[in-house]
Amino acid sequence: MIYLGKIFTVGVIGAGRIGKIHIKNLLRKIRDVNLKIIADIEIKDELRQWAVEIGAPKLTSDAYEIINDPEIDIVVICSSTDTHTKFIQDAAKANKNVFCEKPIDTDIKRIKETLSVVKEMGIKLMIGFNRRFDRNFMRCHESVASGQIGEPQIVKITSRDPVPPPIAYIKVSGGIFLDMTIHDWDMARFQTGSEVEEIYATGAVLIDPEIGKAGDIDTAVVILKFKSGAIGIIDNTRQAVYGYDQRVEVFGSKGCVVADNEVTNTVRIYTAEYTNIDKIPYFFMERYMESYSNELKYFFECLRKNIEPKPNGEDGLQNVLIALAAQKSYEENRPIKISEVEKF
Amino acid sequence: MIYLGKIFTVGVIGAGRIGKIHIKNLLRKIRDVNLKIIADIEIKDELRQWAVEIGAPKLTSDAYEIINDPEIDIVVICSSTDTHTKFIQDAAKANKNVFCEKPIDTDIKRIKETLSVVKEMGIKLMIGFNRRFDRNFMRCHESVASGQIGEPQIVKITSRDPVPPPIAYIKVSGGIFLDMTIHDWDMARFQTGSEVEEIYATGAVLIDPEIGKAGDIDTAVVILKFKSGAIGIIDNTRQAVYGYDQRVEVFGSKGCVVADNEVTNTVRIYTAEYTNIDKIPYFFMERYMESYSNELKYFFECLRKNIEPKPNGEDGLQNVLIALAAQKSYEENRPIKISEVEKF
Amino acid sequence: MIYLGKIFTVGVIGAGRIGKIHIKNLLRKIRDVNLKIIADIEIKDELRQWAVEIGAPKLTSDAYEIINDPEIDIVVICSSTDTHTKFIQDAAKANKNVFCEKPIDTDIKRIKETLSVVKEMGIKLMIGFNRRFDRNFMRCHESVASGQIGEPQIVKITSRDPVPPPIAYIKVSGGIFLDMTIHDWDMARFQTGSEVEEIYATGAVLIDPEIGKAGDIDTAVVILKFKSGAIGIIDNTRQAVYGYDQRVEVFGSKGCVVADNEVTNTVRIYTAEYTNIDKIPYFFMERYMESYSNELKYFFECLRKNIEPKPNGEDGLQNVLIALAAQKSYEENRPIKISEVEKF
Amino acid sequence: MIYLGKIFTVGVIGAGRIGKIHIKNLLRKIRDVNLKIIADIEIKDELRQWAVEIGAPKLTSDAYEIINDPEIDIVVICSSTDTHTKFIQDAAKANKNVFCEKPIDTDIKRIKETLSVVKEMGIKLMIGFNRRFDRNFMRCHESVASGQIGEPQIVKITSRDPVPPPIAYIKVSGGIFLDMTIHDWDMARFQTGSEVEEIYATGAVLIDPEIGKAGDIDTAVVILKFKSGAIGIIDNTRQAVYGYDQRVEVFGSKGCVVADNEVTNTVRIYTAEYTNIDKIPYFFMERYMESYSNELKYFFECLRKNIEPKPNGEDGLQNVLIALAAQKSYEENRPIKISEVEKF
């Protein structure tokens, strides 16, 4: 069924940092959408005030007001990761389409169960790997997908945060490979159009010893081998003092496409002492803001045209599988096949 | 009086291309603003429908519903140029602050009269030279104003449209110097922080002979001499086939600051045959969109803090004076002092 | 007659800064050339020692040892400007081909006489406007000449020295338009492929009042009108504190070609405080070194293939005519037609 | 002993492609050097003719005419790899300083023996890792070494040839890790200032199946772990159709330094259809030409000032050790410690 022109009614579960971005976009940038209910685990004054300012609708602390509302067509899930599969399954069973933030879950079994329910119910599920909707990485993908640079042979991703998250967050993050690199697994797969077969991951604690004490690393370098034969390289660090460094390069048999960092402005200053440009955008709020509205627009369009959205649940699953393989590879210091972690 | 935190009530006169941009920004991007009435000379179905979609308020074909509304604090004037001075004066007399699109008028006497009324009534008037609020040109200005490049000696402005307007528009535009270069007069004054003393303008019909038949030129090159001693260079063309070319450079005693074009994306594609980047943004809607919301935000902040906004009426006047001098210089093929056109 | 494979015997008159560059190139970079004699007005110890180190041949203080040597095929003239026309004429009469540094002379009558002798004797004369042989400006020219950007409409030249010459030099230089801008007259003509019809030149003393006292200006901005209809813009300054700023841009009906500054290296440094690149090359010795050997190689190839070299005597003449018109325009503050200065 | 001002007498063994570059530089770009003898295994007519054209001295087919010549101070070894250690040892025993092309040898035992002789004789040995003398990578190193970017944490090297060598060459090359990546081992060590402890190398045959049949791979991706804790990433391919892609990036605790590719020129061409720049330099002859004269100049300066040159024999050894470990890692698909291959 095709819903061209349909005005969708939407509920958002989770109004944290990311939830608020989606809510703003739903209110201001997405056409033909009616945001009806926002659920958050606890409706604090700060949220209530923010909702008034922004012109947001009804607030509730019960996500099931959304899931059980027969008027609601679409559920946008931005709550904590451990609640994702439950909400996806229940929304699916209530026959609602779902947009869910990444990662789906950290448990392969639960993910697979959830994808079964999604399939059975025939709803659409999109996972919020927003970087696919960044203008630069989209253009990169478009060039590769069109065959302009031939068969992809090497994909290189530079993905560096400006500042580490709090240690408390690190402890519950699932580790750098699930928390941070997960965007890069998705990007590598998106750009090459191929699945990962084997991975070798290494890393170190070079930024902050507290991160090491919390059982994680802060610097990671990974080699991916794709089924297509292509080889991927990812480097991550929790602290690039010069800003949020986000670059992608795809080398192929007929050429190479390079997506460089965005700039804060195009100004160059020349003096007797130095030639300067301003620092690159500080963090994801500056760099990827547009990608968040792009991904929602795309999701709504998929629903209207009855097209399977990408990245979907299967992408969500693959990205978690790679993360688990990376973790194992790092721990055992040897290459790991994805098939080793695939069977739960 | 300082209106920190005040929620302003606003009316917009004129809902054409630029009016719609301001209306959208007032509805979506400006905080603490209540857009109450939109006036347009004729309320067509297309406008009515657009207003519904965008969530716009009451429409009227009578601008004086806005000007006479005691609740309205601010009038945003986007109607045709010949109506500007009348609306500014009447709004000022009704004690409303005014944001008016450029140019104020093409007649020096009417402009001066209007500025008198504005002064007498003590209201604030800002003129919509939006390019001052482009992130790149702001950064440029900031560098110059901070003294980083010393005393400005040469300012160079490249300002090229991608495609000429219709001949019908050319005929009523007031000529390239009033219609197109007016942005550059303002930019040159903004960057150098000095007033123009003398101008030499030349030009030609190189794009379309029809433009010549309409009594205008399509290519213009101008030299400005500033009171500070600095020299300005502007080049304009109605048709840069590669896109909207908008660059500014300020050379000073201690350095040089260059604001380059924005890019459509940061991707570079290398093949055996070519190295390509995508075309620059096509036109002002892509390039300057953000500057329109920036300028309104700034205007509202000036009102709240009781600061004289810039560019104000005096800027509007100076820019028209330069345009008239440029026209005269072009016609007589000799340098013209601004003082020659100043006395009406 | 075509001299393919011929080994030319060469004499160089003048072993100052530029003469030494040509001598080095003749000894090390040009194939099939025998540098036989170097003449300088006075053979100082420093020169003698330099000649030994470099492996240079016989030194003489008598230029006529070169001009009268029947073995010598080519005379390279790098002596002071006032000696150029005499040496060119005498070398031509002795049936030698001549490469002469710019400008030919500052006197139109003497230049025309000299060109007559050159024509009569049927020798080849090339003038050393080396910037035509810079890899970037050659590429620019090639793009324009191939029609890639259509009909040239605007040409913009930025030409800024890093540091003014000594005041003593300024006094005998003939003024900025003959001494410095002369390269830009040639570049503008080279890029557009058209002759200049009218010029408006302005300028100021913004760098050093001593330059003003010496009767010259240190900042110049010029508009050129070409016979083709194109318009040129040149800006010069004697002091760009950030380095030797040399850029060219040609805007045409089908596109635009921009030749940016060379870089000292391709390194970019990002820190928490700044993003830096190194300063641009300091001066012409760094920037144009290669162009000097390129121009000589080209001249020798023209001789071997019996092709008229460009820039030739006529180019030398035109560039001086424009300089004189610029000076007049500056002094009288009005546009000057080249035809006004053409008749001596 | 310090030889400031000394004129060195030099012999070159091997006049192939690289030998000719060094010979040209010794004749034209290096001061105070007397190139006395050139030895090649067979003096062909082509070489004889080239030597005459270039002004080269005596040719011989017996390298020992150089090694045994008491006048000769320095031997430059450019012969085939299998002859390096023998010539180094014999030249050292004859008390001559040696510049030897990379790699020293492929056999660790022979290299260590040779370094013993070098040490015993107290001569200076430099190995020709010319890329250290590229202006961009030098600048990069200088920034890192100065502490500007803090402690190096990640070093990334992109090193891609434009076209594979002939299969016949591949067969005797020692494999991609010894033949091609060896430059990158050296670069990684040069930039980080640390030795490699462990390596994981992977690769594939993606360009030409014939390379696979010859027992080699054509695409390689490597992770290095340094003793300092830094992590290195290298990617190589034998065929980047867009040109010779040579980039280096060092990420550190206080910043990041990126050395981009050189450009063929600085021209950018904008049209309605595309924005183009010219292809990057084609191969090492264009890209690294200057580095060859820089390295020899540096070597001669080291000799004059009695400074130990870098990269020296120990660098040559380390680079071969890494290559062997890389090969083993690739074959066994596991990380290999350098210590595993160190004991011969």
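A, B, C and D label the chains in the order they appear, each numbered from 1.
Note that in this section a residue touches a chain if its C-beta (ideal position, glycine included) is under 8 Å from a C-beta of that chain, and two chains touch if they have at least 3 such contacts.
Here the structure is a predicted model, which is why all the values come from computation and not from measurement.
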Self-contact between copies chain B and chain C, residue sets same or different by half: same
Selected pair, greater C-beta contact count between A-C and A-B: A-B
Distance-maximising chain from chain D - centres being C-alpha averages: B
Whole-Å gap separating chain B and chain D, where each centre is the average of the chain's CA atoms: 58
Centroid spacing, where centroids are CA-atom means, of chain B and chain C in whole angstrom: 42
Mean-CA-position distance for chain B and chain A (Å): 40
Separation of chain A from chain C, taking each centre as the mean of its C-alpha atoms, in whole Å: 58
Residues within chain B bordering two or more other chains: 241-242, 254-256, 270-272, 278
Sites on chain D touched by chain B in the complex: 241-243, 270-272, 274-280
Chain B partner contacts - residues on chain C that touch it in the complex: 151, 153-154, 156, 158, 160, 200, 202-204, 206-207, 219, 221, 223, 225, 229-231, 233, 235, 237, 239-242, 245, 251, 253-256, 333-335
Residues of chain A touching chain B in the complex: 28, 31, 53, 135-136, 139-140, 143, 148-149, 254-272, 278
